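Below is one structure. I have some questions about it.
Each chain gets a letter, A, B, C and D, in the order it is written, and its residues are counted from 1.
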Amino acid sequence: MILAPMILVQSFLAPGALALAAVHAADSVPADPSAQKLRADALVLQAAEVHVGDGTVFKPGLVILLDGKVVAAGQSLPLPAGANVIDCGNAVITPGLVDAACQLGTSALFGSAEQGSEVIPQLDMWDALDLYSKDFERLVADGVTTVFITGEASSVISAKGTAVKTGGPIGERRVAVKPIVKATLGPESSQRGAGNRSPSRFGGVNYTARRPTTRMGSAWVFRKAFHDAIAFRDAGKPSNDGLEPDAMRALADVLAGKTALRMQVREALDFYTSVKLADEFGLSFTYEYATEAAQCIDLLVARKLPVIFGPVRTTDSTFEQFEAAQPALDTARLLAEKGVPFCLTASDASGEGGLPRQAGVAIRNGLDRARALRAVTSDPAAMVGLEGRVGRLAPGLDADLVVWNGMPFDDTAKPVLVLIHGRPVLDLQGKFRKENS
Amino acid sequence: MLAIPLLAAFAIASGPPPAASLRQPAPVALRVDGVVQPDGSLGAGGWIVVRNGRIESLGGAAPPAGAATFEFPGGIACAGMVDVATSLGAAGQLAEPARAFTPDVAAADAFEPDHSSFLAAARSGVTTVALTPSGDNIVGGRLALLRTRDDHGRGAVLVGPGPLRFTWSDEAFPGDRVPTSRMGALPRLRELLAQDATKTAGASLVAVQTPDQIRTALDAFSAAGRSIALLQPIHPEDALDLLPGRAQAVVLGAYDLDTPERETRLPKLLAERAVPVAFTANGDGAALRLTAALAVRSGLDPKAARLALTAVPARLLGADGDAGTLEAGKRADLVVYGGDPLDLAAKIHLVLVGGAAVAKKETP
Amino acid sequence: MVLSSLLAASLLAATTALGDSAAVRGGTILQPDGTRIEKGIVVIEDGKVTAVGGPETPIPAAATVLEADGKVVFPGMILAHTQVGLDIPNENMPIAPFVNVYDSIEPNSAEYEECLRTGITTVHAIQGNNTVIGGLSRIIRPQGDMVEYMTVRPDYALKISITPRNGFNRMTQLAELRRAFADLKAHVDAVAERRYEEEQKKKEEKVLVLPDEAAKQGLAHVTIDDLDARWRTLWRASKGEIPLFVHCDRAMDVSNGIAWLREAKLLEKAVFVVGTEAHKAAGALKQAGRPVILSGALVHKETDPLTGKESEVFVPKVFADAGLPFVLQPNGFAFNADGLLWYQAARCVREGVARDVALKSVTQWAADAIGMGDTLGSIAPGKWGNVAILSGDPLDQATVVEKLLLEGRLAYDRATDRRLKELATGQELAAPSAEAAPTAAPAAPAAPAAPATEPPAAPPAGGGSGSGK
Amino acid sequence: MSLSLGWFAPLLVAPLAPYSGEASDAAVAAPLVAPAAAAPAASPATSPAGIGGAPRWGTAAEPAPRLAIVVSKVMTVAENDAVVDNAVILVKDGRIEKVGRQSEVAIPEGYQVIDGKGLWAVPGFVDCHDHVGGGLSDLNDGVYLSNPGLDSLHTIDPENENVRNALAGGVTTVLVIPGSGNNMSGFGTIIKTWGRSIDDVVVRSPGSLKIAQSGNPERYWYGIGRSFMNWNTRDTLLRAKKYHSAWKAFEEGRGAKPEYSPYFHGFRGLIDKKFPVTVHTQIYQVVAETIQMLHDELGLWTVLDHSEFDACELGAETAKRDMFVIVGPRSIHYDRRDRRIAGLCAEWLRTGNGKQKLGVNTDAPVLPQENLPLQATYAVRFGLPRERGLPALSRVPAQALGIFDRVGSLEAGKDADIALWTGDPVDPSSACLFTVVNGRIAYDSKTMGRRY
């Protein structure tokens, strides 16, 4: 499905080879002197609907891209002379989707987790990424262009997450973000993972050598780590159970607010624990996954805690062995109604469980369609501090967009063209044409 | 036919010989019909003069006065082959698996000079090898640079600490020791790479398998200003574009029926990106030549193939001042083949290691 | 309510009060040294023997008299080194001086019952040999509801093994032993240094010295409470405050052990616990002049590596011939043929060891080995009233313990040993009727007067158990 | 209008109640939805520390209803063991307002009348040994022998089915403790078996410290014995004591501020006897060790929690120390010496623990939480005097845990935890039909279906 980017760029920009493109004279839009400022290599996409990502919709609409950035989006815009104008016909254009809590793209699910310690905030998920993973191609096919790869749940306090574009040259994938460290409460940190906590004992790795093995233990590891960090910060005291100084420094940054904190929590009782722990150390945080958010809605409202919610799973998955496998289907609607800041995530799912599907399920269960779009574009971008970079089709933002062959998130629609930095990373129509020509 | 005078003329590096024959002060001159040039091409032959274990001159029209002379009609002289990753004489002893980082371990400590594998390597045309720690550790320790024969007919450690061997593939992450992940290993790796003590001549040998292992290894080593040679990657295709300018070479081999593509198709792809290739076959000269020949059949330039057996590995080991090419002043590690070394039918007529001839059979 | 006495009837009943004083009359008093008093009288008051003599010996009017006509009166025997009644006697850790058998003693153990039945009145419970430094031991009476009540001497000795524990070789074993003491020193030095600084802070004029000197000077201020709990016992041991039971299985371990003890200046505190092959080191042991406890296996079997000839040596004979006192232990308590202490002594006589030597090896010398030679080991005025009334000679196959006095109180009476009857007859006995059982026993009498050496740390022996158990 | 309450007795519902017989939906919904938690301040059963002043999860709070429970017999299980025939219990604000004869107590206006004629009212039962209040996978953090800092509070799931079932056995308060896979497995939490959120259900946190002196930890660790385990446990507690006295000195102005230790701070309440240590302790030697070490040496408030096997021979020792003995889940012990089956409770009583300090537990899920009353049935079957059955289920465990001021008997001022039974709960043919927790109807066999 995916062709090498370089080849596609060429084919895309050669008018004759364009998929939906019909080269237009720019006569539908009145000539404007300012348009002359735009270089002729600007790219213009025209479609029945252009969703900016913040709720604004242009019907029909135009998006102008130049040098990998969005120049403008609107209903009618002054076009540069001689610009490549691609008419996408009845298609709908949205910003590239953003997943704020993606768990794909590491060499294997949980396989890249560092098991040497329960507390590894000094490490960086960037180092665990497999940029060659097929996961990224699947994400592109879902219309997801930016993902925040979040720490893995097999450590109580996991590594810093990292943001990457899902396509384009390897060297340009990384997106700088403010550091975010993730903690995991509940059974995933205590019962999951590769099972290597303290190999020195018993001469090997087995169930009994892991700590924590219970919720109590997860909570304790969290508390102990932050106490150690405080003692290290204030008095330079080394940790008595072997936390690296760098780990304690990283936690001190969390305490100081320089690094953001996330709590992966699924079950209601773990929400309770998360708040207790955060209060003990004066931490603010964002929930990740928050499967039983609907049961804890009062808590979320009272505490104004943002939620990266999802995924709602519609297929069998390994998660079902856990108690809170399936959230209430209308959780997203409830969060929206109660004014809880939230976005949607597909976590480790793509394709049928991927982010468009997550938005689709939310819409089906009562979430407003425009809100659903925001919940997979500008809201997640804001959750990871990238609101000035991705998530909307606004001037100056990255030219990451998706052309859908129907109403986005409808079960009948899918992305047919995905651009990252203005370059196509998916061009289904072009491929179709090629194969049939 | 030539064997008897030849062995008489050279120090016979096949066992403890009489002391008197250890050194020939008088030069020895070899007449060959062709010479593999430093750029890998086949050049014209002539007289090669060896004195005191070193090459004195090449391509002369006549032997110097007083030199013992030997003629190899149709023979082509080439630098002795160099293998960067062997376990000669120390198989099974090159790992200290208890810890993930063992930079202080030296393969030289596992070196057994009298092991018969050195003689076998020398007879097959391999004159310089590295004893290389195995892949159990992320930092496995220092390679030991060896001549396959010394004047006493044994293997010999060459001077200086060898380059470090790294393993960045899953082999070094057995799961029962920390760190368990590349992510967790990077802080310590970066710390080690920043230390002067880990710097050596030559390239760091890094065993990798997948494209992403290549990416992360290149990032880490480049950031520390280290030159890197990728050791036996399995599927590097997707990451080939990352290599130019950052990887000094890629070590491939030996040809294996399980992974034939690696040794046949890859060399050409690497050559297209101007990334040199070195071949390894655990000190087996015949296997090295086979691997190189197959790569040529799959499109590798013969010049690059010859260098992949000699100059490139010598450079990776930091031994290119003395070995890897036939040049005046270098150690007299040379092999006279009955034709192009890449021609598998070409027999070996003579192997000199440091000017000493390797006996074809043990002297009784 | 069923108030049975089920347990009261069994052997583990609390000792029966005999009043403040008791007398054993009419039996043959047999001392470990072989001396006999026919128709003798033993008077025990407040737990201690006050008089031993012939028929003319006066018996206090208040004394409860036990008739022993035709019986043999013998001092209670002693297990000087045993794991009897311990749960898991070896911790799987090489250096564990901080643990304590106190935590492993099972008062309800049938093995203690068997001790009384076989005439053993004192038990030195100590951890096993599979260690480098084991924990603290305890000298106990084999009777009582709670360890406190059983205790004769708490925290008595430390087990040290020169013979390698499982997984160690001899080099490692000694290296670990030395390292433990070196670690101790490092810890104490660090504490001493800190204490020196603390002391300096109190003074107006502060003297700053180098760390080594500070550690030296601060040592005087270090109290045991300053130390980490892990090191306290070893610190006391290193200062010679605790006897060391040093396990040396082989002769080479004996010489290694003596060398190390000299090095640590602790030879004077050592008691050797030796294996059979150690008989080859009898000379060295004699020279060391410390008590020796033999293993339960009394025969050393060996194959000469040159001739292939097998030889057997009866170990106690070697020691006896060398004029070296030794202490016997049973081989696998109670459950093997040689699992009885008196049987081990009888074997010695069978193999040519003098009778008095054999008797002393289970009484007086055993008492000496646990530092209670003045208190236990024979029937003598001033010693504790641990007396067995035997049906005959202690080394006779047919002899049984008829009554046992533990510090003057009746701790065992064969006539009421219900379990023994069951074992003997093979028939189940009906549970005693409820009427037969005391509904509420009177408060137990006070413990014997605390011996000068070490008072029991706890409430009275027998423990005021309301109904007995 | 009347609704039939089960097979045994009709339950009359006053017209004013939200419980209209016609509106069957509402009636069904009422016990589930209506009695939601009041604001924490109004509910005595909630711990004071709320989070952000908001309920954790569940529906918004409503005030507890006022109830007048009319029954044929009230077993108060108060210390005087008073029994009130033809009684009424008034419940207000989650507490018992009054217990008295119907002839003497007028039902005020606005009270929902629960007609329990023919039924017995007994206090909600208390189980000192429960593992099902949280997830069963969260019991044993089996890496270390001593685990200061672990707290079962983090595992409490008030909506847990296993806990909810307890209501059908009249069990309203349980001590949720970590497992016995290690010596010191964490702090326990006393919870009510019904509530909407954790703050709703928690009676006391920490409720106890759980210690297992031996028996199970050996299974998780190779080659450890009682010597080391007990040393380690003792050492941990001694350090905690030292830590506590340093803080105490500081608080009383007698010393510098000690360094905070997350390991030992949680023990301060234990050493101050604000909560007990509940000990997984079974056989003779281990119970003796518990008595010696935890009670005598360390001076802790010690509750024996399994008290099984031949440990029952130690009755005199526990009596001497005024200790509570909670027996279970085993009820009997085969006495090999005398070849007979001994009822454990009866044995404890016989050997001296005769001071009304005997209780029973389930060790749920070893026995289902709702089967607690059957433990008393068994105890009586094997020799415990019948009149000690009910106290063993309510008063004794409540006293053992130090919560008798709130639960364990039906007396004015206490939490309204009331179960209506068809007869004496110790009689196995009796059944619990109706359970009130914190003054809210938590189980109603009529509307919610009988779980038994």
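Quick note on the criterion: contacts are C-beta pairs under 8 Å (C-beta built on N, C-alpha and C of every residue); 3 or more make two chains touch, one makes a residue touch a chain.
Bear in mind the structure is a predicted one, so any value in this text is a computation, not a measurement.
Of all the chains, the one whose CA centre sits at the greatest distance from that of chain A is C. Comparing chain pairs A-D and A-B, the larger number of C-beta contacts belongs to A-D. Once the centre of each chain is set as its mean CA position, chain B and chain C turn out to be 72 Å apart. Averaging C-alpha coordinates per chain places the centre of chain A 48 Å away from that of chain B. The mean-CA centres of chain B and chain D are about 76 angstrom from one another, to the nearest whole unit. Not a single residue in chain A touches at least two other chains.
Shown for chain C are the residues in touch with two or more other chains, of which there are none. In chain D, the residues that touch at least two other chains are 222.
Taken as a contact graph, with one node per protein chain and an edge wherever two chains touch, the assembly forms an open path, each chain linked only to its neighbours along a line.
Pairwise, the chains that touch each other are A-B, A-D, C-D. Only residues 175-184, 186-187, 210-212, 215-216, 238-239, 241-242 of chain B touch chain A when the two sit together in their complex. Partner chain A is touched in their complex by these residues of chain D: 51-58, 60, 134-135, 137-144, 147, 149-157, 159, 178, 186, 197-198, 220, 222, 259-260, 262. Residues 107, 112-117, 120, 122-125, 127-133, 159, 170, 194, 196, 199, 204-205, 244, 246 of chain A are the ones that touch chain B when the two sit in their complex. Per the touch definition, chain A reaches chain D in the complex via residues 185, 187, 190-191, 197-198, 201-202, 207-220, 223-224, 227, 231, 267-273, 275-276, 279, 292, 295-299, 301-303, 323.
Across the complex, chain C meets chain D through its residues 1-4, 6-7, 10, 87-93, 96, 98-109, 127, 135, 145-148, 229-230, 419, 428, 431, 463-467, 469.
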